[in-house]
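Here it is: the structure, laid out below.
Per-chain numbering from 1; labels A, B and C assigned in written order.
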Amino acid sequence: MNAITRLATVISLASLFPFSALAADAKGTVEVVHWWTSGGEAKAVKVLENLVEKDGYEWKDSAVAGGGGAAAMTVLKTRAVSGNPPSAAQIKGPDLQEWGALGLLTNLDEVSSQNNWDKLLSKTVSDTMKYDGHYVAVPVNIHRVNWLWINPEVFKKAGIDKAPTTLEEFYAAGDKLRAAGFIPLAHGGQPWQDSTVFENLVLSIMGADGYKKAFIDLDEKTLTGEKMVEVFTALKKVGGYMDENRAGRDWNIAAAEVINGKAGMQIMGDWAKSEWTAADKVAGKDYQCVPFPGTQGSYTYNIDSLAMFKLSAKNNTPGNIAAQNDVAKIALEPEFQYVFNQNKGSIPVRNDLDMSKFDACGQASAKDFAEADKNAKLEPSMAHNMATSLAVQGAIFDVVTNFMSDKNADPAKAGKQMSSAIKAAR
Amino acid sequence: MSNQLGKPALSLSRVAIYATLLLAAAVYLIPLVVMLLTSFKSPEDIRTGNLLSWPQVIDGIGWIKAWDTVGGYFWNSVKITVPAVLISTFIGAMNGYVLSMWRFRGSQLFFGLLLFGCFLPFQTVLLPASFTVGKLGLANTTTGLVLVHVVYGLAFTTLFFRNYYVSIPDALVKAARLDGAGFFTIFGRILLPMSVPIIMVCLIWQFTQIWNDFLFGVVFASGDAQPITVALNNLVNTSTGAKEYNVDMAAAMIAGLPTLLVYIFAGKYFLRGLTSGAVKG
Amino acid sequence: MSSVAVMRKTSPFDALQRWLPKLVLAPSMLIVLVGFYGYIIWTFILSFTNSSFMPSYKWVGLQQYIRLLDNDRWWVASKNLAVFGGMFIGISLVLGVFLAVLLDQRIRKEGFIRTIYLYPMALSMIVTGTAWKWLLNPGLGLDKMMRDWGWEGFRLDWLVDQDRVVYCLVIAAVWQASGFVMAMFLAGLRGVDQSIIRAAQVDGASLPTIYLRIVLPSLRPVFFSAFMILAHIAIKSFDLVAAMTAGGPGYSSDLPAMFMYSFTFSRGQMGIGSASAMMMLGAILAILVPYLYSELRGKRHE
C-alpha cells in the first residue's frame, strides 16, 4: 500500500469512526491500558487480542510506552480520577492493594472459581493477585530477576572456563574480561537497572532472610548494618566493571553489547532472553543464563498482571462485563500462556504446563521456581515493584542510582541515607 | 536603523560579521542536518559512519517504517490543532479587545490573573483538569484535548492581542463610539482589519504550542486519540532489539515537519507581527 | 469608557452595549477562575494532606513541606533550576542580542539566515531532546565525529557526567530558544527611532557605542518580554529533561517540574508532589509579582 492510498484509508476510517463505535457497544468492548510495547512484548499482547476477538469481543488497545510504565500509570490515575477507568490495566504487586483499597477494582470470583485458579497458581502468586481475599487481577507471567547472562564466546576469548558461582569468581571473571579488552559487565545507567544490580547483591551477600528484612520489613538495623556497608562496597566494585558511558542507556542496548561480543556479561531479568531470541541465538549454546553468583536456590520474581476495573456507569453493560471476564479467562489458558511467555522470556504462572516447549533457560527457571517455592525462598523483586510501595521503592532508587553515578560516594553512609529516605517516604 | 549606517563597504569588519553569522547558521543547522542524514541511513551505516557522514546508500526504509507507526496519529494532531488554534485565537482577540478598549472595574486585575497563567506549570492542574474532562465525558477524545488546549492557551492569546491593541490610539475607538458604532462593529470595522500581523503571530505561536504539546496529549488522550508527539515518544522510548535510530529520526522529522514548514514559510509574518507591537512590554 | 456612557441616554441598546464587554469576557473569567485558580487551590489543599496514591483529605499540616525540604533530591532539582534557568536565560539573551545586532547591518540574504536561526523554536522539546541526546551521545555522537576527524584527545562526555549534565540541557535549550530571542530583538531594532541615532552619529559616536549606550537601553521592554518568555520555557522544561536525560545520571539533572511529576504520578506521593508544586509557584510569584505590578501600573499611566 503506498502512502497516498494509506492516507485515503486513514481518512475514510476516521469518518467511519462513529459507526464502528456504535457497533462495538453491542458486542462488548474491553479496553486495556498497558506498556507492553517493545517487539516481543507487543507480539505477545497481540496474541491476547486475537484470542479475545475470536470470542467475538472488541479489543481496544491503549498502549503507553515510556519510563517503565510511569507514563501509563499517569494515564491510569487521571482516568481513574475522572471516573473513566479502562476495563483492564497492567498493574502489579503491592499496587494492586492500593487500587483495591480505593474500591476501584472489580472482583473476579466467578471466573477464578470456574477455572480453578487457586489450584493452578502457586500460593505466593495467588496471594499477590487478591485484595481482601478476592481475586482482582489475573497474573500473566513470572519473570526471574536474579539472572546473569553470559556470552561464552567472549568468556573463552578471555580465558575463563566456567560461569561464576560466587562473587569472588564474578570479580575474577570481570578482571580477566577487562584484561582481554572487553567491557566486563554491560549495563544501562537507569534507576531501575542500577537497583536490579543492587538487589541482587543484597540477596547474594545478606541471603534470603536479609533480603526479606531489608526490603519487606524495611528493618532499620538491617538497612544501616555492617552487611549493608558490604553490599554498597560491592556495588561500587561491580560498578567498576561497567563502562563509563552507561547513563540513560536502555537495557536492551546493553544486552546487544553482550550479544555482539563487545561485553561479557549482563545482570538482568529473563526478559533479556527476548533480545537473544530476536538475534537468533540459542539458549545454552550461544548464551548462558545462570543465577546471579551467590543467589543459587533463591528466586526473585517479577509478576505482570492485568487488574480488572469496575466499569463506569456508561460502560457498565453486560457485553462489556462479559468481555472483561473473557480477558481474565483467556489470560490463564494454556494457549495464551505458552505463546506469551515464550515471547516474553518468562515462565507460565500455571504449574500444570508442559515445559518441554521452552528453552533451557525457561526450563531451569520453572524448576528453580518450584524448588524455591517449596523452600520459602521466593523473593519479591524490589527493583520491579513487587516488594514495597512505589514511594519506598522510589526512595531506594534515589539513593542507589545516586550512589552509582557519584564516583566519590561513601559506602559507609549510603545505608543510613537509604534508611532515612525510606522513613521519609513511608 | 540599518538604513542609516551608510553604504556597506567590503571592509574587514564586514567580512568578520558575515563569517560570524554563517558560522552561527552552521551551528544552528547541524542538529537538523544530522537528523535528516541519520533518517536516510541504514542501521549498519549509522554504526560505522559518523554524524555528518553522507549515507552510503540513500535508504527510505526508515521513513516508511516511521510513517507506518506514527502516520495515523498525524491526523489526530491535525484534528486537535486546527480547531484549538482557531478557537483560542478568536477568544484571545475578543479578550484582548475588551481588556484594552473597554476596560472596566476589575478588568486589570483579571488581566494580571490571566498573565500569571502564562507561567503556570501545567502539572499543577493535571489531576483536577482530568477530573473535569472526565465529568464532561470527553476523556480520551480529540474534542477533550481541543478543550484543554483552548483553556490553557487563553493566557498567551489574550496577552498577544491585549498588548497589540493597547498600542492603538484610544481616539480611534472613542470617535467611532461617538458615531454610535457598537461593540462588535468597532471590532469588525476598525480593529480587525488592523490585526493581521498579530493574528499571524498568535496563529503561529498557538499552532507550535499545541502541535508540540506532549503532557496534555499523553494524559488526556492515550490510545486511539493520541497526538503524534505521544506516538513519537512511544516509538523512541521503546526499543526492539537493535535501536533503529533511522526510524526514530524519521519519525521525529515527520512530527516536526508541519511546524517547521510554518516557520519557514510564515516566519516573516511572525517577525512582522513581532515588529508591530507584540513585543512591546 | 464611563464618560462616554454618561453622555448618552440609556436605552436597552446602550445597556447591552455597556454589558457586552463584560459578557464577552465572562466565559474566560470563569475559565481562569476555575481552571487556573480553582485548581491551584485544590493542589494547595492537597499539599496539607497525607494524599499518597490518590487524593485524600486527611490534614497533616506542614508535614509534607518538612519532608520536601529534607529531601536531598529536591535540593538538587532546585539548584539545577537555578543553574539551568540562569545560564539558559543569560546565554540566550546575550546570543540573541548579538546575532540581532549583526543581522541588523544590512546583511544580504537576511531572511534566509533569520529562518535558520529561528527554526529550532518550531520543534517540540521532545524532538529537540531526542536530537541532542543523539548528538551528545558519548561514543557515538560529536564525541566520535571529532575523533574520526583527527582530534584524537577529544572527549565530550557531559551527558554522563554528574557534574556537567545540566550544561547539556542548557546547550539544547539555548539552541532552541536563542533564535527566537534574536527575532524579538531584531523586531525591536527595526522599531528604534532613527533620528536619535542620526544625532548620535553626528556627535561622532562609534557604532558599538551607539548600540550599547543608546539603542539597547531603549529596548528595555523587549528585554522584559524576552526574559518572561525564556523564564516560561525554563520553568516548563519538563519535556526536554524527560526526552534527553530522564533526570540522570542518578538524579543529577532533575528539575522541579520533573520532581513534581515523578512524585505525584509515578511514586504515589501526591502530598509531597503538591507541596513541591506550591514551592515552584511561590518561586514564580517572587519573580512575577514585581514585574506584573510595574507592568499594570505603567499601562495605567498611558
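Throughout what follows, a residue touches a chain if its C-beta (ideal position, glycine included) is under 8 Å from a C-beta of that chain, and two chains touch if they have at least 3 such contacts.
It should be emphasised that the depicted structure is a prediction, and the values quoted were computed from it without experimental measurement.
Student: What chains, if any, are shared contacts of subunit A and subunit B?
Tutor: Looking at subunit B and subunit A together, the chains touching each of them are C.
Student: Among the chains, which has its CA centre at the largest distance from subunit C's?
Tutor: A
Student: Hey, how far is the Cα centre of subunit A from the one of subunit B, in Å?
Tutor: 38
Student: Report, in whole Å, the distance between the mean C-alpha point of subunit B and the mean C-alpha point of subunit C.
Tutor: For subunit B versus subunit C, the centre distance works out to 14 Å.
Student: Quick one: subunit A and subunit C, Cα centre-to-centre, how many Å?
Tutor: Result: the chain centres lie 38 Å from each other.
Student: What residues in subunit A touch two or more of the other chains?
Tutor: Counting only residues that touch two or more other chains, subunit A contributes 67, 74, 77, 81.
Student: What are the residue numbers in subunit C that touch two or more other chains?
Tutor: As it turns out, subunit C has residues touching two or more other chains at 55, 261, 265.
Student: On subunit B, where are the residues touching two or more other chains?
Tutor: Touching at least two other chains: 126-127, 132, 233.
Student: Where on subunit C is subunit B touching in the complex?
Tutor: On the subunit C side, the touching residues are 1, 4, 13, 17, 20-22, 24-25, 27-29, 31-33, 35-40, 42-43, 55, 99, 102-107, 111, 113-128, 130-132, 134-135, 141-142, 144-145, 148, 175, 179, 183-184, 186-192, 194, 197-198, 201, 207, 215, 221-222, 224-226, 228, 231-232, 235-236, 238-239, 243, 257, 260-261, 264-265, 277, 280-281, 284, 288, 292, 295-296, 298-300, 302.
Student: Within the complex, which stretch of subunit A touches subunit C?
Tutor: 67, 70, 73-74, 77, 80-81, 98-99, 102, 189-191, 244-248, 389-391, 393-394, 398, 401-407, 417, 421, 424-425
Student: For subunit C, which residues are in contact with subunit A within the complex?
Tutor: Per the touch definition, subunit C meets subunit A at residues 52-55, 67, 70-73, 133, 137-139, 157, 159-160, 162, 165, 245-246, 248-252, 261-263, 265-269.
Student: Considering the complex alone, what residue numbers of subunit B touch subunit A?
Tutor: 67, 71-72, 75, 79, 126-127, 130-135, 137, 139-140, 218-220, 222-224, 230, 233-235, 237-243
Student: For subunit A, which residues count as touching subunit B in their complex?
Tutor: Going through subunit A, the ones touching subunit B are 3, 6, 10-11, 14, 31, 33, 37-40, 42, 60-67, 71-72, 74-75, 77-79, 81-84, 250, 252-253, 256, 275, 278-279, 314.
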